[in-house]
C-alpha cells in the first residue's frame, strides 16, 4: 500500500523551478532514498511534504486519501515526522524540553510534569547513546548529540512516516551506527522512511528504493539494489557513465609533492584554550595537506578557529612563515595569510543577504580600493576570475548567496578565502552537505591549491576523505594531540585505532 | 564501518567530563540568572545601613506600591522579550488604561477593571496580529501603537484636559487601602506574578514562548504554533498594561492623562537587568521582579540622600544601568566560555 | 497564485508589477498623495517660503536619521541620539566665548566620546545595542543638564545663528548642510570599504569577523559617526532656535529618526541601508505633522494618523517571503 | 474661587518681585490648626519636604525651587531638615516621592503638583499622620483643611483673561489670533485657554481665534508651530502664548519669516527676563506675570498656621503685568 504519494507537484521560487512535475511514492516499511545534486530540489520536496511550503501545482495523498498540510504541525499530527537538514531544535532550551516541546506530559492540574519529563527523556535518549543530563541546555551538546535528540523527537511521536534530510552529515561513525539501528527498528515496525544523503555508501547500506532528482525533475525511481552505484551517480549528475568512471569518486589524486626539509609555512606550538585545547602542536609545510582527525567534539574546529583568531587562546604560539603572530585576531590572521573556512557555512561563513560579488570581495576590500573607495572594476575582475575557476553556478555575480545551492555556497566561500591569497588554508568539513559532483570538484581543488604551494589543514568527519586527501593526519582527542599518522599509516584503520587507544589510555588514568 | 571503540567506554569518559562542566555551568548560570537579585540584596543592605529612613517598613511598603504598576508592565514585557520581540506601546496603554478605568468606574468596580483590559487587550491583539501575520518588526508595529494609543487617550479626554475621577468607592478603596500594611494592589500584583511564573515555566504555552524566542524557524518546524504564541504575548502585554493603568487609577483616584512617557523603556530596562536576553529564548520572571525592585530602590535611595538635583539623578540612574548591564554581560560570557 | 492566467485574460493593470514596485517606492507614493492634498487644500502650500520651512524643520531629523540608518544597517539601534543632541547643545554656550569654531569642535568631540562609549559597549563588551544606548539615553541628557546648570541659555553669536537661519544661494544653510551629509552618507554606503563592511556586519556578524574584517573597529566607527551626526544636529538646533535648552533639544528624536529610517525601507534586521528612502521617510513624517498643524488638528488626531501611516508604509515595504 | 472684577495692577517695583497676596474674599473658608487636627510644630527644628514637579530647566521652576530653599535657610531650618525631590515630569514619581517623604517623617509638605487630580493615595497617607500640605503654583482638586491645608498661587484663568484683554487692546479689538497652547492635559493649559477664550468672546468678539496648537511649553516647539502657522495663516495678527518660552520661540519664527517687531502682537504669561526684554525690544506686546517666588509666602503661611491663626483655603497672589510702559524699568523684577 502506498503510504505517502506526491502527484505531479511543482514549486516555483523567484527565478527557480525547484520542483517540476515531481511524483514520488513511499511504501509502508520502506526506506526510500532521495538523492540528487545540490539544488536538485530534495529539501524543497521534503518541505512540501511536511507543510512548510504549499505546492504551486499538484497534490499529496497520504494513506490513500487526498491530503493537505498547512503547517508542519498538521503534518506532524497526521504522523509525518521530520528531521530537517539543519538541526532544528532550540539551543537555549534544555534537552528534555526540546524532546517534549509541544507534547509535554501534564499532571492533573494541567501543569507540566517536569519530573516525569526528565525521567522519560533520560530513558528515551539512552537508546540513542545520549547519556547527558537532560536538564542541560541543548546548545551545549555536541552537534551529533543534538542530531540524536532531533531523531528521538521525530520518532517519539506515533509516526507513520519519518523523513530524514541528511541526518548523518554531522554524526560520527558510532552515532551513524546507532542511527542505522533505529532505522532498522522503524523499518521493522512498518514505518516508511525518506532518507536524503550525499553519502552513497550509506544509501546502499540502508535503503530499499531510490528516487533521483535533477534540476527539480525526477530522472529515475526504482529499487536501489537494481541500480549500480556508478549509474546512480551518472543519473544524478546527468553525465555519461564513462565520464563518471574516469573521474572516480573522490577528486583526490593522492600525494602531494613537498620538500621534506622545507620550512613549515604554519607552525602551531602548545596551543591552549580554557578547558578545550591542551598543548596542541603541529606544523604544515608549503604544498602539504595535513588532516586533523578525531571524533566529533575532539576540538578540531576549535583548533582551526584558534589559529584563525576566532577562538580565544590562553597560551601557545602560531607562526606563519616563521613569524610569531602572538595571539592573532581574525584580522591579523587573515593579513598573515591564514584563511579559515568555518564548519558552519550558514552561521559563520557567508552573508546570505548579500550578493555573490559582495561575498567574494568581502575579505579583500582594502586591496581592491584606493583611499577607502572601492573600485567596482577591480572587484568585478576578481569575482569573474574566481567564479570561473571554481565553476560557481549562479545567475550572475549579483545573485543573493542565500539563494544558491549548498555546493555553490561552499564554492563562493572558498572563492572568498582564495581571494585573500592565503599561505595556509584551514578547511573545516569543506565537503559537508555538498553533492558528489561538487565534492569531487572541491577535493581536486584542494589538490590543486596544495600543488600551488599552499599549506592546507583539512578537517573531515569522512574518514575516507581525510586519509585520501591528507599527506599526514594529526589525531586529536578531547582537545589534545594523541597521535600522528604518516606515510603508510595514513589509513582509516590506523585512524580509528589511534582514537581508540587514546580513549583506553584516558580510561585507565581516571 | 568498523567500530573499534566500545560505546560504553566512550560514553563513560564523556559523561564524567560533562558532569564537571555541568556543575560549573549551573553555578555560573545561577549567578547570571539571579544576578539582579544579588545586586538588589547588596543595594538594600547598603541602603539600610546608610539611611535610617530607608529600612522602615513603611518605606518598604511605599517602594512596593510604587513598583506595582511598572511591575505588571515588566511582566508582560518579559513574555514579549522572551519571544524575541519588544513592546513599545505599553506606556501609552498604561495611560489609556487608567483613563478608561476611571471613566468606567462610574458603572462599578467590575467595569473599572474590565474596560481597560478590553481596550488594551484589543490593541494587544492588533499588535500581535500585525507582528505575527504580516512579519512587520515588533519595534515598529508597537511604536505605531504607542502613538495610536496615546492619540486615542487624548481623543477620549478632550486632548488630555479632562480628567475622569474615580466614581466608585470600592475601587478607590482598593487603590489606597492595605492589608497587613501592604497595599491591596501589591497583593494583586503578587498574585498575577505567581500566575505568570506558573504560566511561563509550567505550561505548554510557556515553553512555546521560550521556543519561539530561541529559534522561530525551529519552533515552527517542531510544530509550535508560532504565530498564535506571538499574538498571545502581545495580548498579555496589552492586558497587563491595562491592568496596571487600572490599579494606578484606583490609587490616584482619577484617570490622570499626564503620566510620564518612557514607561516602556523603564520596563525594558527592568527586564534586561533581570537577566532576560533581548535576543529572546531565555529569561525568568524572578529576575524581572528583582529588576523592577532594583530600579525602585535606587530611585528611593536617591531621594533619601535628600537634595540631589534632578539632573544628577538621571546621571546616576544611567550610570547604574550601565554598570548592572555590563556586569550581567560579563557573567553571561563567563558562562559561555567555561 | 495564478497571476499569469489573470493577466492573460484581462490585460488591465499589472497587479504583480505594482506589487513588486510598491515596496521600494511606497513611501514616495505616500509623499505624492500628501503633497497633492496640501496643494489642493492648504493655503500657500507651494510657496517657497513654506517649502523652505518644511525643509528646515526636517533637516535635524534627516541628519540624525542618517546616522541611525547606518547603525540599523549593522543590525543595531541607537537610543542615545537625543541625549547627544542635548549634550552638544549644552556645550555650545560654554565655549562660544572662544569662538564658533571652538564651540563646534567641542560639541563634536562630545559626539565622538558618546559614540566611543556606545560603540565600545556594543562591539567590545557585547551589549545589545538597545541596552547599551539606553544607559546614555537616560544618563546623557542628565549630564547635559548638569553641564548647562539646567538652564536655557540664549545664543546671540551671529556666525552660529547664520548656520541656523541664514541662506546661501537662496537656500537655507541648514538645508545645504543636511543635503551635503545625505550625499556623503549615500556615497559612503555605496562606494566605500567602510560602507560594504558595515552592511556585511549587519548581514552576518560572525561571518564578517571570520573574513578578517575588523568588525569591532567598524562598529565603533559606526556608532561614532551616528553620535557625531547627532551632535551636528544638536548644534544646528541651537543655531536655529537661537538658544540652548538641554532639557528640550532632541527630545524623543530617536523615535522619529528610527521611524524615518524604517518607513524609508531600511529593515531593522540590518544588512541594507536606504539613504534616499530615509530622507523620504523623514519628509513623509514632516509632511504629516505639517498638514495636521496647518489644518489645526489636535495631537490626538495627529498621533493616530501617524500611527496609521507608519503601519501602512512599513506594511507595504516589508520583506516578502515565499510560502 | 477667586473673585472676578478689576485686574490687580502690577505690584510696585520696590517689592523686588516678591509675591503679593490679593485680599481674600470676605467670608471665604479658612482653616486653623485646631480644625485641621494637627499638632504644633516649630518650623526651625521641623522636617520639611518640598516636591518639585518638573525639571528645573524653565526659569519658572528654577526660581520656584530656589525661593523655597532660600527662605528655609533664612528661617534657620538646617539644610538636612529640608528634603527636596524632583519628579522630572513623571507624575507617578511625584506621588511616590511625596509618599516617601511622609514615611521619613516630614512635618510639613510643600508641593508644586504636576497635575491637579490623582492625589488620593497621598492624601490618605498624609491625613493619617496629620501632615499639613501647602500646594503652590498649581491647585489640587480636593477639599481644603481635610485633604490639604491651602493653595498658594496664581489664578490661571484670570491670567488668561488678562492676556485676552491685552490682546484685544493690542489688536484694536479685531483680527485673527493664534494660541500656542501649553502641554496638553495640563490644567494650567486648560485654564489659561479657557480664561483667554471666554474673555475674548465677551470683550472683543471681533477678535477671532483661528488656530490653536500645542507648543508643549517649550521654545523649540513654539517656534516650529509658529513657523507653520505663519505660512498657512499669513493674515494672523496676534499670538497668545501660554508661557514665555513659547512666545520667545514665536519671536524667532517671526524673525525667520521676515517680520518686523510689532507686525504680529505677542501676548504671553510668566514674566521671565527674556520675555520682558523682548517687550523692550518690541517683539512681545505684553506679559502677564506668574510669580514663582513661593518661598516667603509658603513659610509665612505655615508659621501662621502652626501659631493657630486661620488660613484661607486659597491664597491667590496678585500677578503683575509687563508692557511697553514698565518693561524697561521693571526688568529687574522679572526672573
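To keep things simple, chains are lettered A, B, C and D as they appear, and every chain counts its residues starting from 1.
Assume contacts are C-beta pairs under 8 Å (C-beta built on N, C-alpha and C of every residue); 3 or more make two chains touch, one makes a residue touch a chain.
A quick map from chain label to UniProt name: A = Ribose transport system ATP-binding protein; B, C = Ribose transport system permease protein.
Here the structure is a predicted model, which is why all the values come from computation and not from measurement.
Between the interfaces A-C and A-B, more contacting C-beta pairs are found at A-B. Placing every chain at the mean of its C-alpha atoms, the farthest one from chain A is found to be D.
A separation of 43 Å divides the Cα centre of chain A from that of chain C.
Each chain gets a centre from the mean of its Cα atoms; for chain A and chain B, those two points are 41 Å apart. In terms of their C-alpha centroids, the spacing between chain B and chain D amounts to 37 Å.
In chain A, no position touches at least two other chains.
Shared interface positions of chain C, i.e. residues touching 2 or more other chains, are given as 145, 150, 298-299. Contact of a single residue of chain B with at least two other chains is seen at positions 154, 159, 309-311, 313-314.
Taken together, the chains touch in the following pairs: A-B, A-C, B-C, B-D, C-D. Those residues of chain C that touch chain A in the shared complex are 1, 191-194, 196-197, 199-200, 203-204, 206-214, 271-272, 322-323. Listed in rising order, the residues of chain D touching chain C in the complex are 55-59, 62, 184, 210-214, 218-221, 223-225, 227-229, 231-234, 245, 248-249, 252, 255-257, 274.
On the side of chain D, the complex with chain B involves touching residues 52, 55-56, 79-80, 82-86, 88-93, 95-97, 99-101, 103-105, 114-121, 124, 183-187, 189-190, 214.
Residues of chain B that touch chain D in their complex: 53, 56, 58-59, 62-63, 65-66, 69, 154, 157, 159-161, 163, 165-166, 172, 175-176, 248, 251-254, 256-260, 262, 299-300, 303-304, 306-307, 309-311, 313-314. Within the complex formed with chain C, the residues of chain A that make contact are 13-14, 53-54, 56, 308, 310, 330-331, 333-335, 340, 342, 347-354, 358, 361-363, 365-366, 369, 372-374, 416, 420.
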